[in-house]
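Chain nomenclature is as follows: A, B, C and D, assigned in order of appearance, with residue numbering initiated at 1 for each chain independently.
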Amino acid sequence: MKSISYIDRFDESYRNSFSFSHRIKIRFSETDMFGHMNNTAPFTYFEDGRIEFFKKIGIMQAWMSSNGEKIPVVADIQCDFIQQGFFDEEITLCVKINRIGTSSVDLHYLGINQNRESLFVGRGTVVQISKHSGKSVPWSEEEKKRMLQLEEPENL
Amino acid sequence: MKSISYIDRFDESYRNSFSFSHRIKIRFSETDMFGHMNNTAPFTYFEDGRIEFFKKIGIMQAWMSSNGEKIPVVADIQCDFIQQGFFDEEITLCVKINRIGTSSVDLHYLGINQNRESLFVGRGTVVQISKHSGKSVPWSEEEKKRMLQLEEPENL
Amino acid sequence: MKSISYIDRFDESYRNSFSFSHRIKIRFSETDMFGHMNNTAPFTYFEDGRIEFFKKIGIMQAWMSSNGEKIPVVADIQCDFIQQGFFDEEITLCVKINRIGTSSVDLHYLGINQNRESLFVGRGTVVQISKHSGKSVPWSEEEKKRMLQLEEPENL
Amino acid sequence: MKSISYIDRFDESYRNSFSFSHRIKIRFSETDMFGHMNNTAPFTYFEDGRIEFFKKIGIMQAWMSSNGEKIPVVADIQCDFIQQGFFDEEITLCVKINRIGTSSVDLHYLGINQNRESLFVGRGTVVQISKHSGKSVPWSEEEKKRMLQLEEPENL
């Protein structure tokens, strides 16, 4: 199995460590002339999955309110490609929290196709900042609690 | 020659009726698995060309100012494909005003490749609206004047 | 109600004339700095809906086979925006055949949000061509039959 | 200065270590409702810059030939965001080789705006594979020579 710097062991137990997932289909417009999913597509999937994850745990709503002063920004993001993705494949995009910082959260991502093959994995840090000052804003106790309140891993 | 509903005669004189153009390259990520430019790409090119056009005539700046209350929105837009576009082709994206309305402007678009072949044409209406009320805002005399101050058609 | 050139009367009966629909969500990455869905997004939705429609009636499969010599290409496409779309809105993207030509088909599109408001409508012609010659390939009797075998309009 | 795992010291001397760059403008459609460049955009810029780089050193041409059996694929790619990017900023996208493997190459990327501020950095591995078998194909001596034939760093 491929060695990935931010994963201790990329095996079945790693795959089972995710308790949240979101379904996505590889769009025709996300393929390129080499006949496969273009390498930029997973970053859109990560964003979609991350937002659904934040909605589920209940911290997205405040960010989206019109008088919201706090917004989440991506500090860094990366993707490792395990095997090529193709048009019309149904991707189960798994998201989990790896580590919670003062005003940031490190997320892991995993994309699995309908044959239960891993297509890609990824990780990245999201930081909560003030929209106006651009400075980081520490998580409230309530937000931390919500992030820690994760369900038991479901069978993906 | 292809008949296009919004063009009287799609010939060399139509091509020469444009006095503004913007250079664009077909990106790898804008191709699809059929090996050519995906049909969604020209709409991004139209937006790029339209913005450069509005900047040139001097009406874009007010829309982009942070306290700007007025924004331009696309009311309708369309594209007719003349021949397939391919990766790395250099497109001369031509833009011109077809008609100025009370608070709208009808623009024509033309994409020509490096061999001077027409790849696609298009048109669409942009309306100036109030960001808060969502209602249309008539052009000022100054804005109309700027839109009418077009240079002589350059040799594209 | 807005007057749209390719629709006789854009009313409830027009909305009920669609018998196929596909669900789509407006992605965060499909919004722009004006806070709404960017005008290029519906063209991706049209492509997604069109492909699901062609899969349902059973003519997509041949186009996707690796030894497929025939592919569908967009000859023209257009969109009329009725009201602004926003992040996270669930769009019911309706697709129907308006007219079948010798080697082409004219499709109509309609995007409705979760409040049953029409956000945008569109139309466009898809032509079946030979991948190698680039020339149009007439529909077979089987393909025409499949396109005519439409179900009764469902309540959208 | 931000600490980035794959850069020894992210300082002026790092910035001056690039000898190739490509100009890109942040498109309106690449912004999102938070008012800045969406986090997925740099991956498209990396692809554009990488392709221009491969064209310059002369190894892109073989990959694009119609009877080409070898294609480059992205094995992994990542981006670290230094400061927010905004609509219409002109980005100087720098690309350089960090390490050449048997059939892969590790590239570094750097995006600088018109005020010479670093907006983002990145890195990623591209592997040359056989289009049909999907297996990696070692670089030829000629290809390696071309990759090593880098000019002196120019003043970016």
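Simple rule for what comes next: a contact is a pair of C-beta atoms (placed from the backbone, for glycine too) under 8 Å apart; a residue touches a chain by one contact, two chains touch by 3 or more.
Since this is a predicted model, take the numbers as computed values, not measurements.
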Worksheet item: Taking mean CA positions as centres, which chain lies farthest from subunit C?
Response: D
Practice prompt. List the centre-to-centre spacing of subunit C and subunit D in whole Å, with centres computed as mean CA coordinates.
Written response: 36
Practice prompt. For subunit B and subunit C, let me know how many angstrom lie between their CA-based centres, rounded off.
Written response: 23
Fill in: subunit B-subunit D separation of Cα centroids, rounded to whole Å
30
Worksheet item: Where does subunit C touch two or more other chains at once, residue-wise?
Response: 28-29, 38, 40, 44, 47, 87
Worksheet item: Based on which chains are in contact, what kind of graph results: line, ring, star, complete or other?
Response: complete
Worksheet item: Across the complex, what residues on subunit B touch subunit D?
Response: 25, 27-29, 44, 47-48, 51, 64, 87-88
Worksheet item: Which residues of subunit D touch subunit C in the complex?
Response: 28-29, 31-33, 35-36, 38, 40, 87
Discussion item. For the complex, give me every residue of subunit C touching subunit B.
Written reply: 34, 38-40, 43-44, 47, 71, 73-81, 84, 131, 134
